[in-house]
Amino acid sequence: MTFVSRPSGRAVDALRNLRLTRNYTKHAEGSVLIECGDTKVICTASIEEKVPGFLKGKGQGWMTAEYGMLPRSTHSRMDREAARGKQSGRTQEIQRLIGRSLRAAFDLEAFGERTLHLDCDVIQADGGTRTASITGAMVAAYDAFSKLVASGAVPAMPLKSFVAAISVGVYQGMPVLDLDYVEDSGCDTDMNVVMNDAGHFIEVQGTAEGAAFDREGMNRLLDLAQAGIADLIKLQKQALGLTA
Amino acid sequence: MTFVSRPSGRAVDALRNLRLTRNYTKHAEGSVLIECGDTKVICTASIEEKVPGFLKGKGQGWMTAEYGMLPRSTHSRMDREAARGKQSGRTQEIQRLIGRSLRAAFDLEAFGERTLHLDCDVIQADGGTRTASITGAMVAAYDAFSKLVASGAVPAMPLKSFVAAISVGVYQGMPVLDLDYVEDSGCDTDMNVVMNDAGHFIEVQGTAEGAAFDREGMNRLLDLAQAGIADLIKLQKQALGLTA
Amino acid sequence: MTFVSRPSGRAVDALRNLRLTRNYTKHAEGSVLIECGDTKVICTASIEEKVPGFLKGKGQGWMTAEYGMLPRSTHSRMDREAARGKQSGRTQEIQRLIGRSLRAAFDLEAFGERTLHLDCDVIQADGGTRTASITGAMVAAYDAFSKLVASGAVPAMPLKSFVAAISVGVYQGMPVLDLDYVEDSGCDTDMNVVMNDAGHFIEVQGTAEGAAFDREGMNRLLDLAQAGIADLIKLQKQALGLTA
Amino acid sequence: MTFVSRPSGRAVDALRNLRLTRNYTKHAEGSVLIECGDTKVICTASIEEKVPGFLKGKGQGWMTAEYGMLPRSTHSRMDREAARGKQSGRTQEIQRLIGRSLRAAFDLEAFGERTLHLDCDVIQADGGTRTASITGAMVAAYDAFSKLVASGAVPAMPLKSFVAAISVGVYQGMPVLDLDYVEDSGCDTDMNVVMNDAGHFIEVQGTAEGAAFDREGMNRLLDLAQAGIADLIKLQKQALGLTA
Amino acid sequence: MTFVSRPSGRAVDALRNLRLTRNYTKHAEGSVLIECGDTKVICTASIEEKVPGFLKGKGQGWMTAEYGMLPRSTHSRMDREAARGKQSGRTQEIQRLIGRSLRAAFDLEAFGERTLHLDCDVIQADGGTRTASITGAMVAAYDAFSKLVASGAVPAMPLKSFVAAISVGVYQGMPVLDLDYVEDSGCDTDMNVVMNDAGHFIEVQGTAEGAAFDREGMNRLLDLAQAGIADLIKLQKQALGLTA
Amino acid sequence: MTFVSRPSGRAVDALRNLRLTRNYTKHAEGSVLIECGDTKVICTASIEEKVPGFLKGKGQGWMTAEYGMLPRSTHSRMDREAARGKQSGRTQEIQRLIGRSLRAAFDLEAFGERTLHLDCDVIQADGGTRTASITGAMVAAYDAFSKLVASGAVPAMPLKSFVAAISVGVYQGMPVLDLDYVEDSGCDTDMNVVMNDAGHFIEVQGTAEGAAFDREGMNRLLDLAQAGIADLIKLQKQALGLTA
């Protein structure tokens, strides 16, 4: 692997420093502050003892996600979505992605008629907020389910597989891992990848805003993502005190 | 390529019949009815002689898309979004995807301070409405730009590359091309791919709702999409009377 | 009856060509494309096996209508109502008119606790979209009820009387029938009339935007409407294969 | 004319007592309380020194109306539209009707680039609120324009013709004038008629909710309305101190 | 108490003329027009035979308030909140204040599972509309409860204490009682006080928009309010025919 | 001062531990995490180089505030206001209060045509979030203005006076300072007080939800608030490195 000069100074295949702080706030059943370099997201998991209407009486659970950014989490202040009276298309896209990713991580039929609400709120943004949200929400959800197991409400951790997410992109012609804001802004192609600990794909969302990319470029991006996600899942398990 | 039994009876790599009817309605600068099997979408391209605020005075144009489904385009009637007072997250996701795809097809700096509005309205849905919208909107946009060229308002067709889109998925363990509704509903994995006529990727959006898929599965899906899109672009060019 | 020079070249008492295409789309219980000259509206009738809250348990049914225009069904593109987040006053006025007209055509107490949703979506507009919607929705509703009769869910066609609608107006001082867009725009007075096959009035909505009209003018407009609607109802019955 | 037993005890062609109180509130340029029996509506006319965007620079004025009901103006309390966050279809229909009627009464090209806002707020409802609103708004608008004339801002009263409105309907088979709430509820057919002082029609809005009515019934309803409106216009002129 | 020159010519501790007209409209269980000088508010109390969801089955009642201003109740016309599609922050603040104040006046556990809706609609504004609303709503609520007592639905008047409200402020350095619009506009400090007939505080809402005020100023404002409210409560009781 | 048993174990006149962390996030011109016991609020101050329309061209600045709570900042999860599509009345009341308070602290005519946006987002709630928001926003605003002074854009700190806020209430009959959530829930009376460093009142908002309180109670509450706010302002100045 050659090294190009990234604005961050990182190697093309280097993740930013990751920090996972569990029990970050005191009320939620799971509460994690995830920091990926300067990107900081509070991920909480809240248990509700009922399911949405379309699942009532089916004996299974549900997981759903919401995403938000504090107005000044970004370089220039954004309008507050609550004040504007609606969530942007981007916000909805992201929270749908987080929800699907987490539903792939847990067995919805193994925790009764409950809903797990995942709230991912960006405190400070520096690129990669949606992938950080997924990686952090995984840990928050695990903590919340641990409480249900500990209380006897659920017999065993309803885990299918750990999931984590990372962005990859083509920066000045070179595929790189885990783009920060500066790299992301100057980037032709951006792909968000969600994988599980078997190395399988949950979601792939690639967009070539600048220059379309060929099949070989696609392959190199997927290689980078695969390696990065494997590392992230190790860090998730360490944070949870599990033998990885 | 082996043949599995698809509900549609098609080969795994077979597209549905495609029909492109130009000048379908009389007011729009471009107006195309695209029929992919039983999926029918009206795609219109409307030229507006100004750009959104964020582009004013920059000497370039803009392209944007909106998407809708008639309430009874589907098996059971859906609520009308205008009556509910908001577009769903799915609708917004789709119209953002159409807009990005078409902006990759045309050179925004080559048609002046104009906006091209693409409206994709599903008359009848049978799977693949978002990819049909992209494929049809490409032809509608081409027609609209042709009028600008013919009138002398724009010196030459502002084309970067043709784009088309298709869905691929894993149906009962087999990767298949161009899923209809029945196949889509019974499908573990669904990927929408947008490519150009150089065979490069514009967008890849894969979701493993049921079972995560490995790298080899990913590769076979991309192969199917690549071949299918090449065929679609031939059909677009034929419909436009261009030597493909 | 004298003949003035209408922009359309039609006689003052001449309807535009009417075409009714049944089973236009495949999912709805009733689906009709109505074409009145260049005005084209898709009318679908969808059966729902329940009634709104205010009728629950009363043993009767309900019929309700919604109306929409594709953004580029018109000369210049209109904003999409779903994107703006609300239906205009005009849209609401029209869908309330369609609903009342169709409820006058069928016996709400003769088809059980069901709702018939009528969706009238304008594909191409050239004047008279609201009256075309009523005339087309009548046929779509008839088809939908036929299915309920055929399946035995309803004992007999719950028909009170056929209804159809037409516009009349005063164009350059002359009362004329069935105005197209050019005539409508240059017209002082516009009246939409809904009648049944007994020649009785269901709705009369006349507006003198330019010059108020006297009692004699009113009488001539009503004469024109009465004759036009009688013809429309013949065409509805022919389309349905009924001996008119 | 025979006399049937109306719940109100009135003759079939009798109006309710009408009272017009000018200068009812102190801020508006025109402010009228209209009382038609127990129906009470505050009609204000407010002058704004600009026109809506679509008229800017055309040298003409505009008139527009809004309508509302206090939540407990009715028998049982209605939801407040401001709290629900939207105006009902009925409200929009009514305020569009009031606006069109008043624009037929005044010459929009004779009072400069100004907007006259008519606000009709129902304090107490007992049937006929929309027609009372039109009749009252006519007087409020006249008062407001008088101030513009008095100040010299407008050279002469920009009047085309007085307008007033009344409802007629078929109550137990008999056409009657000026329905109150009890009569209106038990009524098969309801028609609102707006006319000017030349006896010409401005608007006719008839709905046969129960039984369709024939041409002869229509004629008798129009006769009643014509006579009633002539009386109303006399009362408007008296209230304004004009020699009728 | 010295006398400064107030625009109104009133003494610093003088209330405006107060008029309470009961049974102002005919449908509501309680209906009061309150006039405080030129400020006029219609206050209605409507009884609903159920409680909001959060109180269902608890055997107690609820009181809630809504507030509105007619668009031209003010010097220049305000937008209609129903047309804008939302209530302003000011409106919500006021109706929350009215609701809390009235809930302090009556015993929610003494009138069964019923809701009393208080609607305060400003017909003409000249300062002090929120305090007039509270003072008037007290009388309307009393009348509505009297009907429940008279009908035997409630055993006794569920009164805790009479409440009334007044504004006080610092006008040109002098604390004054009951500010009208002109005084309010030129005022540095504005405080709305709600008290009961024991002379105790229910609500105090003071805002120093211009100059902050010290503890002594606070004390003088509270003295003025206390005396004014005692007078208002006497007037409420007189209007209700109670021996004050 | 006697000591009652508060759930928190604090003396009746004891503040919770206060921590002010400046530069908490990196993008905002001012960014403060304020922790009052377990209540944690991120307060950012963002400078925008323009003013709202109503101030354009007047040569003065503006300050405005928004407030939000993360959905799981509270004991049980609240709906996300951005998802519900509107801010609650409580939210609007609070952000109006914060805005007014901060506009009393700074001289709007001394920092040019700029807007300072204050965003107060509650990360963890344990009572007193609105008063903590004001106290924290004061420091964030000071930091933001310091940057304008440092860059020369503004000649001197546009300070009128420091402001801070605290809640006081009557808990089991005893007036206490700085209520936490448990105390607040069990409290009859709640008053939020905003004062400046001259000991003058900016805002007083007292509500007796349970039992009305007399003048003497009011005086003791104001005493407690006055002392508490003096301490808070000392802590603000220390945090800013100013000699208090």
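Each chain carries a letter (A, B, C, D, E and F) given by its place in the written order, and its residues are counted from 1.
Convention: a contact is a pair of C-beta atoms (placed from the backbone, for glycine too) under 8 Å apart; a residue touches a chain by one contact, two chains touch by 3 or more.
Not measured: the values here are computed from a predicted model.
Asks: Any chains in contact with both chain D and chain F?
Replies: Where chain D and chain F share a partner, that partner set is E.
Asks: So which pair out of D-E, C-D or E-F basically repeats A-F, with more than half the contacts the same?
Replies: More than half of its contact pairs match A-F, so it is D-E.
Asks: Once you find the CA centre of chain B and the CA centre of chain C, what distance in Å lies between them?
Replies: The answer is 33 Å.
Asks: Centroid of chain A to centroid of chain E, CA atoms only: how many Å?
Replies: Roughly 51 Å separates the two chain centres.
Asks: For chain D, which residues are shared contacts with two or more other chains?
Replies: 85-86
Asks: Could you list all chains around the ring, opening with chain C and heading toward chain D first?
Replies: C, D, E, F, A, B
Asks: Taking the touch rule as given, give the residues of chain E at its contact with chain D in the complex, in rising order.
Replies: On the chain E side, the touching residues are 25-28, 31, 38, 40, 42, 44, 46, 48, 66, 68, 70-77, 80-83, 85-87, 91, 117, 119, 121, 123-125.
Asks: Once bound in the complex, which stretches of chain D touch chain C?
Replies: For this pair, the touching residues of chain D are 86, 89-90, 92-93, 95-96, 100, 104, 161, 191, 195-196, 198-209, 212-215, 218, 222, 226.
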